[in-house]
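Shared between the two complexes below is subunit A, which has subunit B as its partner in the first and subunit C in the second.
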Partner chain A sequence: MGWALIRGWAILVYIFMFLPVAVVVLLSFNASQFGSFPMTGFSFRWFVELANNDAILRAFRTSLILGLLTALISTTLGVLASLALVRYTVPGTNAISTLLIAPILVPEVVLAVALLLFLNFLGINKSFTLLLFGHVIFTLPFVILVVQARLVSIRRDVEEAAMSLGASPMETFFQITLPLMLPAVLAGGLFAFTISFDDITGTLFWKPGGVETVPTQIFAMLRNSISPEINALGTVMIVMTVGLPLLGAAIARRISTTSGT
Partner chain B sequence: MSSVSLRNIVKQFGTFTAVHKANLEIPEGAFVTLLGPSGCGKTTNLRMIAGLLDPTEGEILIGGRRVNDIPIHKRNLGIVFQNYALFPHKTVAENVAFGLKYRDVPKSEVPKRVQAALDLVQLPNVGDRYPKALSGGQQQRIALARAIVIEPDVLLLDEPLSALDANLREDMRVELKRIQDQIGVTTVFVTHDQSEALAMSDQIVVMSAGRIEQVGTPEEVYNTPASEFVANFLGASNIMKGQCAAAGPDAIRVETPVFGPVDVPSAKAGGVANGPAKLVLRAEKLTLMDTSADTSGMISAPATIETVDYQGQTVRYFLRVGEHQLQAINLIDERPFPQGATVTAAFRAKDCAALPGA
Partner chain C sequence: MSVEAREARQPWILLSPALTAILLLLVVPLIFILVYSFWLRTATGADIAGFHLDNWQEALTDRFYRDILLNTLKISAITTIVCALMGYPAAYFIARARGNKAILLLLLMLPFWISYIIRTMSWINILGVSGALNTFLLWTGVIGEPVQMLYNQTTVILGLVHFLLPFMVLNVFVSLDGIDTNLEDAANSLGATRWESFLQVTLPLSLPGLAAGGLLCFVLAAGTYITPLVLGGPTDAMFANLVFEAIITQLNWPLGSALSLMLLAVLGVLVMIYNRYLGMAQLMKGLG
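Now for the complex of A and B:
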């Protein structure tokens, strides 16, 4: 009896969480020109219109470039920071570690305003580079957490063995350490990409005039009316932000099983 | 193949001194064991020879060449680690071939060398497997193959057997010694296990608290311990306080309260002079007999058995002899003496050693 109740309640919670998402996906295939029920027929019409909407395509390109660059920079910095913190005795390791993780703990609005004020103070104008910096700052902690956890589990003596056999520290990194932590590096990169791709709060503060990412574009469109195009765009976003990490996880698992770790 | 020398080596970690002024000469082709309890500095010494740690003071020479400033990857050493340290993402053959990449070995020759190394460790058919698919003992053999395929100047073994279970450890011990004999490489072996050290070494270096206590052949350190620590660490010893009364040319007479005068051969009583001395008697040299047994030619005293520790082939007794609590390890003839029995504890003077001091 008790369990049935819990199960029922859990199902209700899931419905509450996922029904709106399902509705968006469903309505994106609606033939009607209003973005709401009733459905009048099945059509890809809104996806076609989406593909012809220059503003959205531009926003999409911006988001994609921003996300990829964020992932690239965050992952590189994150791997280097993790190596320094785990493999070397750096004075103040704990303080540095806390500082690097802090952006997760600080509310994003605070971080966004702070960075903006700081750059104002320095007299630097808003730019795409600044936006990219902002994204790197708050995706970096996720990369560091994932990569560090993995690096701790890679035994130091494996690297020592490689060096004793004649590999220089650099060769040891590329031959041994990097391959062993690759799943974590890929996961960190995917995290960084999806977080950047999804972000609206920081982006609204940091983006220069005329530059829109997909979330800010949707936000702007919603202010006028709810177009069915937005449903279609929502569907595309869901596929990208849910599908990509799942794909990434599957790849990472495959790599780690074939490599025998 | 090269000799290894440590000259006045000191290693400090902050204010803690892990190695105090170590001096050691390891001749070419020798199998030398650094033996001691954990924290005695044996692994620190090995890691300094390897180049994984820098000595605070002193010089390390390999083949007569000072290597203090040469990084590990240019020292041409083979290292086998306690936990195998195989590369999990590479196959066994790739693991073994790893070191050959950094040496002038023609590509066509690599598979031959790898196969020869795998044959040497008696695992010829596992080349395309991943390390995870092998047992602990097999993984350690591969680690050994990987270390020797590069024909190192020195082979360093850091407790390579301690992760294996007891039976396997003894097999591997014989195997390791066979391979070392076959290739004749200078080997430095680190262990805390005295039976491994006694069975395998040409020379044993006994260490305690960062200091080298004694260097000698297994027989020397076993039969003529240079200190109380060595006497206790290698097997079970009884140490009895006494007085050295007369130091003759062949024997030194140590007066003990319970057993009376004992004439210890001079060769086993280095440094003992008139005054306080300690008599060292190995537990297996102390024999228990019926009180009626003939003890002529032996030194004896009545004893009471307090504890019996039955070990199958042998039995270990803890006994009370006068003021001393002594240990005796005897082969079992028929059945062991029961607890509480009164027996005669006897030994021969020539089996004793003596140490100076109170």
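Now for the complex of A and C:
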């Protein structure tokens, strides 16, 4: 009896989480001129319009470049820091860990204001550089958390075996450690990319006028009314943000099975 | 250099890029806006450096700011409580389900990966004048005219709950999943009813997860300005909206600095209380 109640409640929670998303996907195929009910027929026309909308394509390109660069820098910094924390006993580990995850603990609005004002003071105005710095700093803690959690499970003795067989530390890193770490690195990078691609809170503070990322473009379009194009764009974003991590997880599993860990 | 000395230096070489980034892009900027908050913005747009308490006086004594701060804390508290009430049973269901827990958890985490702005705006499709609910109610004849259900405090909370619920579920799940189920069985065999063993064994053991989820929900809710802009009405501004207004619209950066730091201080106190009693480790478990 109690369990049935819990299960029923859980199902309602699942519906609550998925219903709005399902409605976005459903409406994006609506043939009607307005981005709303009733459904008047099935159509791909909004996706076609999307593909012909220059502003949206530009926003997509900006988001993509920003996300990739963020992932690259954030993952590099994050992997190095995680290695230090997992592999070495550093004095003051607790303080360092807290400092490394500090960007999560500070509300993003505050981080956005501080970074904007400080870099402006240094002569760096609202620009792509500012956006990149901002995205790196708030994705970094997530990368470190994800990578660290996975690094712990890599056994040290494999590296020691390589070294004892005459490999130099460099060779050991590139031929043993890095391949073993690859799933962790990919997971970290993917996480950074997704968070960057999705960000709007900081981005609205940092972006120069005229430059839009996909979320800020959607936000700007919302000011008018909800057009079917937004729903189509939403569907594309849903496919990307859900599909990419799943694909990444599959690749990571593939790599880890072939490398035998 | 000796081998030991080199060995001792290595972790610092690995840590230095990340630590430098955080110092230069977070710590120093925060100190900078602390200094900046004592400057003055003149009507001409120039800043006067110095030690002026005007911004702080305005931020701390103006009724307008105080009311919005209190309102923000209220909205965040309600959001957190609703997330706990919805999320705890769902997390319990996942943790104790006989089926594939990983799939069940992944399924609930999926919306977490879906764009925040898309999830927020999706409620317009449901509650808007020509949204799903109005269409359905018109069709069934319950209402004769479409009803505007959007753009009020309730829809802001709704949007926030939808955004933050996965954080709560994940944290509670991590906590529940780590509890040895033998403990419950032991309580039951000693004569406790299932409800009693839940209240006296499972619930207390899962409180750290609930607290971690609660803290995340509260802090993230209190820092939002997008949800009130998309789903709220003109009077539903939250504190972060004031910050955005001051910085982006009015370009009063010294005042914006003071307001930002006020928000940071209020939420920082919460984080510190949490850290004092539960420590950061629990929070990291749920995030990692």
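The rule we apply is simple: the second predicted complex is superposed on the first by the 255 of 261 C-alpha atoms of A that agree within 3 Å, B and C clash if a C-alpha of one lies under 4 Å from a C-alpha of the other, contacts with A are read in each partner's own complex, and residues count from 1 in each chain.
One rule holds in what follows: contacts are C-beta pairs under 8 Å (C-beta built on N, C-alpha and C of every residue); 3 or more make two chains touch, one makes a residue touch a chain.
Every value quoted in this text rests on a predicted model; they were computed, and no experiment measured them.
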| item | value |
| --- | --- |
| Superposed partners subunit B and subunit C on subunit A - clash or fit | fit |
| Contacts of A:Ile6 with subunit B and subunit C, given as first, second, both or neither | second |
| Angle, in degrees and to the nearest 10, that opens at subunit A between the C-alpha centres of subunit B and subunit C | 100 |
| Touched partner set for A:Ile218, first subunit B, second subunit C, both or neither | second |
| Partner chain(s) touched by A:Gly41 [first = subunit B, second = subunit C, both, neither] | neither |
| Dominant toucher of subunit A (residue count), subunit B or subunit C | C |
| Touched partner set for A:Met163, first subunit B, second subunit C, both or neither | first |
| Partner chain in contact with A:Gly78 - subunit B first, subunit C second, else both or neither | second |
| Nearest-approach distance, in Å, of subunit C Cα atoms to those of subunit B in the combined model | 6 |
| Common interface residues of subunit A - those touching subunit B in one complex and subunit C in the other | none |
| Residues of subunit B that touch subunit A when the two form their complex | 50, 52, 71-79, 81-83, 85-89, 98-99, 101-103, 130-133, 143, 146-147, 150 |
| Sites on subunit A touched by subunit B in the complex | 155, 157-158, 160-169, 171, 175-176, 179-180, 259-261 |
| List of subunit A residues in touch with subunit C within their complex | 2, 6-7, 9-10, 13-14, 16-21, 23-24, 27, 34-38, 76-78, 80-81, 83-85, 87-88, 90, 96-111, 113-119, 121, 133-134, 136-137, 140, 142, 144-146, 148-149, 194, 197-198, 200-201, 204-205, 214-215, 218-219, 222, 226, 230-231, 234, 237-238, 241-242, 245 |
| In the complex, subunit C residues that touch subunit A | 10-12, 14-15, 17-19, 21-22, 25-30, 32-33, 36, 86-87, 89-90, 92-94, 107-108, 110-111, 113-119, 121-126, 128, 130-132, 134-135, 162, 165-166, 169, 194-195, 219-220, 222-226, 229-230, 240, 243-244, 247-248, 253, 256-257, 260-261, 263-264, 267, 271, 280, 284, 287-288 |
